Structures are given as structure tokens and as C-alpha cells.
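Some structures to go through are shown next.
Shared chain: subunit A. Partners: subunit B in the first complex, subunit C in the second.
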Partner chain A sequence: MNRTSRFASWCIGFSLLIFFWELAGRENWLGSAWPSLSALFAFMQDPSSAALLLRSSADTASNATIGFLLGSLVGFTLACSGSVWTGLGPGLATFATFVNATPLIALGPLLIVTVGEEVTPAATAGLAVFFSVFIATLSGLQDTNRDQSDVLSIYGSGKIRALICVRIPNAMPKVMDGLKLGTTAAVLGAIIGEWFGAPTGLGVILVSAMQNFQIELLWASALCGTVLSGLSFFLLAAIQTQFIKRLV
Partner chain B sequence: MSFDAPTPPPTLLEPSPAPCTSGQALTSTGRPITLRSVGKTYALDDGQSTVRAIDNVSMDIAAGEFIAIIGPSGSGKSTLVRMIAGLEEISEGDITIAGDSPRALIAQQRLGMAMQDHGLMAWLSVRQNIALPFRLSGKVPDEARIDRLLQLIGLADFADVRPTQLSGGMKQRVSLARALVLEPDVLILDEPFGALDAVTRRQMNQELQKIWADKPTTTLLVTHSLEEAVLLADRVCVMSPRPGTIASVHSVPLPRPRTLATTFDETFRQLVASIAKEFDAICGLGDAL
Partner chain C sequence: MKTALLQLIKHYWGIALLVFAWQAMVMVSGFNEIVVPSTIMVIQALVAEPLYFLHHSAYTFSAAIGGLMLGIALGLLFASLAWLTPVLDGVITPATLLVRSIPIVAFIPIVIRLAGYGSQTILLVTVMLTFFPCYVFALTGLRSPSKAHQDFFASLGCRPSGLATWRFYWRLALPSAVPNLLTALRLLAPTCVLVALVAEFLMGAQGLGYVMVRARSDLRMDVSWAAAMLATVFSVAFFVAASRLEAHLSKVWRH
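Now for the complex of A and B:
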């Protein structure tokens, strides 16, 4: 399929989705909890709800960004130290698996009582990102082939220099993959963190809209969350493409 | 077989005096290598079976000498040179390089090595790849030397290009330049031209000879090509099939510099023929040919 026909079929599919969504909403096919798209957009354009959604999205975005930066930094640094001090490796891997195996739903309340509700969303976002970046970095650092490791043994006078000159650049494609997966995890993590009682954010509106049966607000904030994680994913994918282009 | 008349590559060097076979060339800083009853047994992954790769190899290599090693696949050529390079543990026996262990040579960054798969870093330009040994050993790259090597391997115009944009022959030349950049005392070349076509290979042979004549250093070249071995080396070692031992050693009494014309020389052809015959016998082909 060429570009044009692919775009055409995508347009047709998308229009059908829009059409049936609208129809289902108007005709109440799926009950009153399924609003029509036009009603949803009318709601979102209303100045007061628009302001609320925008502010909450911005808060969630900032929580997700802080969590993303911290989580990736910690994941990346820990994986690198595991590669320099090889003795640390197994312990770190076990620790990371343990962190990953603990559901955020269980960690959320623990974080609320320990670090407080202001910090919890960024913390859950960070935890969600941490594992994917840690594992991606670890596997990227082990990716050097035999000839590359030989070059390191022959000229390398230190693991740190080898790490900076060869292992990290060599791991970058995998690290970028990990970061890309991390973006959506960060948005989800931030929303879950807000859910447990943060002062602001999409997670907060989701809970309150659900409890107060504000159907349009519920849908609108879900949509905002989706847009947020989609945008961050594509942003990172674009950075990755540029990066790989420069790299190879 | 007939070759076109050799087109002499643009020479960037003053013609250098021919180093003699005993290896005490004027400019040589190479180190002598001694192997005493060296053996290697690999333990396989299952933890029980083993592979005997090298058996009882003893050899004295003079400083600045050029040794070629030929032998059938799996006869332990790579294993032998990797042990000399300190990349592989020695199971029995002893290898000393100017009285020191191979690892001491590596620790001083006095070894240069080029392998069959060239091991270039995809994210570095040609120039950066050649400079990598400087960076890895914490030295400031000697840009003048890198420029000279780039000239020598004929890739001055490709200095800022990444390896993915180079042909196989070009990559090999970069890998050779990288092996030479620290002016090593021991140079190990493990089938560096294995993947090249015949024409590029002859070209590379001439270039290698040019570079080597410029500053002879103790060199071990593993190759599949008898002609290449005889053309370049002071001595040719023939290895037997697994477990690898040195079946015979042949001195090459041809004067240097050796050119394509040397390959038509009667002494050259007789030497190649006699080693070939012995090589076939070692591989069990015997009189079948």
C-alpha cells in the first residue's frame, strides 16, 4: 500500500469511528453514560470546563514530566553502576524486579502516607518509568559484540571510560526504546498517583467526576489523559528518529 | 592466472630500508615474543565437555619480525593470537613479550589488533574510530598522526563519514589504522582481509607492507591466503588441524620491498608451491591432488 491509500483508509476508518460514536451518543445506544462527540466537544469548549481541564492536564503533565525525568535518571544511573561494579548487577536486577512487581495501586497509599499527597503523583510516575528504562539500559549495555569488547580489553584502561566511550553510546538505541515506553507509563503513573488524593490533576477530576456522575467531565478528562500520553509518546519517537539518524 | 600491470599506489613515504629477517630494523620498536609449550583447552557451556584448541606450541619471535600464520579453519589460529594478545587465558605453558606477560603489554597500551569483523563503532566517524584507542587509554589524540594514517589508508576524504557508509575494504583499512594509531610494539592481524575480494586484497597487502616498512614492528598475521603470507612475512608458520600445533615454519628469503612483481618471482612461486603441498598433506589431502 502506498502512502496516499494508507492515509485514505485511515481517514475512512477514523470517520466511521466518529460517525458511530456520535450516533451511539445521540441515540443512547449505550445508555446515558455514553455522550455524543458533539456534546463532549461543546462541554470542553465551555470556558469554565476548558479552564479546569487545561489546568488539570498541565498539572498531570508536570507530574508526569518530573516522574519521567527522575525515573529515567535513576533507572539509567543504576543500570550503569551495575555495569561498572559487576558485583552489584544481580542485586540491582532483583531490586528492580521487586519494584516492578509491586503494583502501583498498592504503592500509592503507602506513598501518600510517607512522602505526602503533593509528591505522590510524581513518585508513582517515576516508579512506572524506572523499570522500563532500567531494563532497557541494562540490556543495551550488555549489547557490545565480541570485537567491541576486544577493543575495550586492548585499549581500555578503566570501566568508566569504556562505559562512556563505547558501552553507553552503543546502548542508546535500546535506552531510547525504554524511554519511549516510559512516556506513556509516566502519564498513567501520574494519574494513578493523583487518584489517591493529590490536590490537583486529571486523576483528581476523574475520581470526582465519577463519584458525582459528571459524565461529560469524566469523558473529557479521560480524553485529555489519552492525548497527553499520545503526545509525549510521539514527541519521544520524533526525538528518537532524529537521534538514530545522527547516530547511524 | 594473469594480473594487470601493477599500478603503483601513490606513495606517501620515503622508500624505507628493507628490514632483515632477523628483525633488527633501524626504526623498530617491536618487542620479542616467546611461547613455551603453550596449550589451550576450552571448557564448553555444558560445563563438562572440553575442546583442545592448541597443543604444545613453542616459538621464538624476534623483535620487529613479521610472522604469518596459516592453517585450516578451526586449527586454533585465532585462539593462539588471542592468547598472545591477552584476550584469552592460557591453559598451560607460558607466553612472554619482552619478558612480560601479555596483559602487561595491554596495560601499557602497546598492542594493536585488527580482527576480521573490524569492530568499528557505528556511531563514530572514521576519524573518531581511529582516535578511539587514544580516548580509551585517556590520552589526547595525536591529530597529526591520525591525519597521516588517514592519508596512508587513502581515506582522507572520508574522515567524517560513519562506518556504515563505507565498503568492506574501507572498513578494514580503518580497522588497520586504528590498530596502528598508538604505534604498537606488537601488531596482531586476525584475518583482516578475509572478507575482501581478490583485487582489494592485493591492494591492502601493498598498503600494509608500506605501513609496516615505515615502522616495522613485531607482527602476527593470520591469513587463509598462502600468497599473502609469503608476500608479507619473514616467516610463515603452518598450523595443523585441531588440536593446533605448529606443523612447520618456513623462512621467506625474498628481499623487500616486495611488490606485485615479486609474486612472479621464481623463488616466490616455488615457496608457495612447496608450502601448499605441505599444507595439503597436513589437511589430509595428501597425494589426492
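Now for the complex of A and C:
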């Protein structure tokens, strides 16, 4: 299939989706919990609901950002230390797999007690980011080619110097990939964390809207979460392209 | 014996440290048992009511695994249809892009409202979550046979067109998709457990996610933590089993 026909079929796919969404909302095909797109946008333009959505999105964004920074810092540092002291490596890998497979929601009861309800969203966001950055860094650090490490050992460079001067710069493209994937994980982690009794945020209005049958608010807050995770992904992707342009 | 022990320490020191830190926190902070249960209390809670935990774990994991399998099956089915008719691919692929940028876990409250409070909702969410990645993985797999393989099949009169399509699909395209599907299984296994737990947590009817909420509101922190620990152990085991299966079968598949 050539480019134009592919583009055309995508357009058809999208328009069909929007058309059926609107129709399903107006005709109540899927019950009253499915709003039409027009009703949803009307709700989001209403000043009071717009203010609520904006405020909650900002709170979730700040939780996700804190978690993102902390999680990526810890992931990066642990991966670096794992590659310097190779004895730690297998244990760290098991630990990271364990953290990855641990359902975030299962950590909720633990986090509320240890860090408190207000910090829990940032903590879950951090845990969600940690794994992707850790794995990306570890695989990036292992990429060092043979010639470079030979040169380093001929000149008698120590492990830490080799790490800072050659291996970390080498690993950066992969680290950026890990960070990019981490952004969406951070937003999701923050929302899950907010379900454990945080005072504000998108997660809070999602659950309360679900329980109180506020369908438009429910959809609007889920939409805000989507926009938030999409935006952060594109932001990181833009940084990544700039970064790689500099590097090459 | 000694080397085995060393190996064990080498691989599991991180987790041992975690358990140690937990116990140390209990002892140092001096929190009440209602706030932070100790390791022993959690294990005691597990042993005291094994059937209760077994029942709820079985519920959670049958939902998670059932949803995952259904998602993979549907993903493969639609990928096969798209492999046959490119027009269908043009309709599904944009939807895939759209859904991939959606944090599906955040949509669980919506699905609960739409599908009602019950196990069908868990199944629906897991299918929503697994369908699109499986579709993409399966379609790339179906299209992955190398030119050499295709030429070889063509020389035997087996082309992806006309009457021979079915044979080409069954003998070449489908086997090429199997390793990709196994990768999808490994990647999605922990997510499915997470989704099942979240749905149960929000709906509050059955399953480990429900036990976590219920026990917390009854101030039975030991039970709540035991459920969380059980969920973690199962989720890790599920992930490890899926990666073993992938490693083993992809080795067999290549030879």
C-alpha cells in the first residue's frame, strides 16, 4: 500500500470511530455511561468543570514529575553501580524484575503507612518509572564496544572513570528511550497512587465520579489523564531528538 | 552446598534486604501493629485462613489469565484477518495507535460503569489491554517470513494468494508469529495481574484486590498486607513462568 492510500484509510478509520462514538452516545446504545463526544466537550468547556479538571491535572502532573525525577535517578544510579561492581549485577536484576512484576496497587497499603497518603502518588509514579530507566541504562551500559574498552584499559583507566567518560555517554540514547517510556508510566503510577486516599488529583475525581455516576466528569478526567501522558511523552521525544542531534 | 548458598545470596540479596528493612522498620519505628504488621504477623495471617486466601487468589488469577488468553486469541484472529485483507489493517492500525497512547488502567472506572460490577468487567479490561499489543505483535510476526522462505514456498507452488493462501498461512506465516506472541505473553503477564487487582480494588466484590481494601477498612493490616504479598508473589511467578516459556520455546522453535 502506498502512502496516500494508507493515509486515506487511516482517515476513514478515525472518522468512523468518531462517528460511531457520537451516535452511540446520542442513541444510548451502550447505556447511559457512554456520553456523546459533543456533550463531553460541552462539559469540558464549562468554566467550573474546566477549573476542576485543570487543577486536578496540575496536581497529578506534579506528582508524576516528582516520581519521574526520583524514579529515573534511582534507576540510573542503581544500573551504574550494578555495572561498576559486577558482583551486584545478578541480585540487582532479580530485584528489578521483582519490582517490575509487583503490581503497583499491591504496594498501596504499604506506601500509605510508610510515606503517607499525600506522598503515595509520587512514590507509585517513581516505582513505575524506575524499572524502565533501570533496564534501559543497564542495557545501554553493556553496549560499550571492544575497541573503546581496550583503549581505556591500555591507558590504565579505572572503572569509574571509564563509566563516566565512555560508557555513560555511550548509553545515553538508550537511557533516553527508557525515560521516554517512563513518562507514560509515571502518569499512570501517579493516578493509581491517588486512589489510595490522596487529597487531590485526577485519580481522586476518577473514582468519585465513578461512584457518583457523574459520567461526563468521569470521561473528562480520563481524557485529561490521556492528554497528560501523551504530552509528557511528546515532550520527552522532542528532548530526545534535540539531544541526539547534539550528540551526532 | 556452599556455592549454592552463595549463588542464592548473589541473586536474591535485593529481596532479602527488602524483607530485612521491613522488619527493621517495625522494630525501630515502634508503630502499633494496626499500622505496620510485622513479617511474622503477615505469615500467620496467611496460615490462619488458607482457604479464604486461596479462594480470592484463584478468582484474581483466573480472571487475569483468562483475559490474557482471550486477548491473545482475539489479537491473533484480527491480525490474521488483517494479514488477509489489508483494508482491515487500515481501520485497526489507527485505533491501535490511539489506544496505545491511552493509560488503560485509568479507564477502569469507566469500564466498571459501562459493563457493571462483576467479573465480566475484569475480563473486558484485560482484553482491552492485551488485544492491541497482541494484534501488533501477531501481525508483524505473520509478515516476518524472510524472502528466502517465501521463495522456497513459492517454488513449491504455495503462495499467499488464491487457493494456496490457507496452506501458506498455516505452514509459514502462523509459525513465524509464534515467537512474537510469546514475547507479548511475557510483556503482558504482570500488567494483566495489575489490571485484575485494580478492577477488584475499585469494585470491591471478590479477589485479592478486594481483600486488600476490605481488610484495611476492618483495620486488619496483617490480612491486607498478606493479600498484597500474595498478589506480588503470584504476579512475579506468572512473569517468570512466561519468560521461561518464551526462552524455552523460542529455542526449540529455531531448530
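What we mean here is this: the second predicted complex is superposed on the first by the 233 of 248 C-alpha atoms of A that agree within 3 Å, B and C clash if a C-alpha of one lies under 4 Å from a C-alpha of the other, contacts with A are read in each partner's own complex, and residues count from 1 in each chain.
Quick note on the criterion: contacts are C-beta pairs under 8 Å (C-beta built on N, C-alpha and C of every residue); 3 or more make two chains touch, one makes a residue touch a chain.
Just so you know, these numbers come straight off a predicted model, no measurement behind them.
Visitor: Subunit A superposed: clash or fit between subunit B and subunit C?
Guide: Once subunit A is superposed (C-alpha atoms), there is room for both subunit B and subunit C without a clash.
Visitor: Look at A:Ser132 in the shared chain and tell me whether it touches subunit B only, subunit C only, both, or neither; answer first, second, both or neither.
Guide: neither
Visitor: So which one touches more of the residues on subunit A, subunit B or subunit C?
Guide: C
Visitor: Considering only touches as defined above, state whether A:Ser57 meets subunit B (first), subunit C (second), both or neither.
Guide: neither
Visitor: Thinking of the overlay built on chain A, is A:Thr183 touched by subunit B (first), by subunit C (second), by both, or by neither?
Guide: It touches nothing on subunit B or subunit C.
Visitor: Examine A:Thr200 and indicate which partner it touches, taking first as subunit B and second as subunit C; both and neither are also allowed.
Guide: neither
Visitor: One more residue to check, A:Trp10. First (subunit B), second (subunit C), both or neither?
Guide: It touches subunit C, and subunit B stays clear.
Visitor: I'd like to know which partner A:Gly156 touches here: subunit B for first, subunit C for second, both or neither.
Guide: So A:Gly156 only meets subunit B here.
Visitor: Look at the superposition and give the distance in whole angstrom between the closest pair of CA atoms, one from subunit B and one from subunit C.
Guide: Taking the overlay as described at the top, subunit B lies 17 Å from subunit C at its nearest C-alpha.
Visitor: Would you please give the residues of subunit A that touch subunit B in one complex and also touch subunit C in the other complex?
Guide: Common interface on subunit A, subunit B vs subunit C: nothing in common.
Visitor: Any idea which subunit A residues touch subunit C in the complex?
Guide: 1, 6, 9-10, 12-14, 16-17, 30-31, 33-34, 87, 90-92, 94-95, 97-98, 100-110, 113-114, 184, 187-188, 191-192, 195, 202-203, 206-207, 209-210, 213, 215, 218-219, 222, 225-226, 229-230, 233
Visitor: Name, in rising order, each residue of subunit A that touches subunit B in their complex.
Guide: 145, 147-148, 150-158, 161-162, 165-166, 169-170, 172, 247-248
Visitor: In the complex formed with subunit A, which residues of subunit C make contact?
Guide: Touching subunit A from subunit C are residues 9-15, 18, 25, 31, 35-36, 86-87, 90-95, 98, 101-103, 105-107, 109-110, 112-114, 189-190, 193-194, 197-198, 201-202, 208-209, 212, 216, 221, 224-225, 227-229, 231-232, 235-236, 238-240.
Visitor: Taking the complex as given, what residues does subunit B use to touch subunit A?
Guide: That would be residues 85-87, 106-107, 109, 111-113, 115, 117-119, 121-124, 132-133, 135-138, 162, 164, 182 of subunit B.
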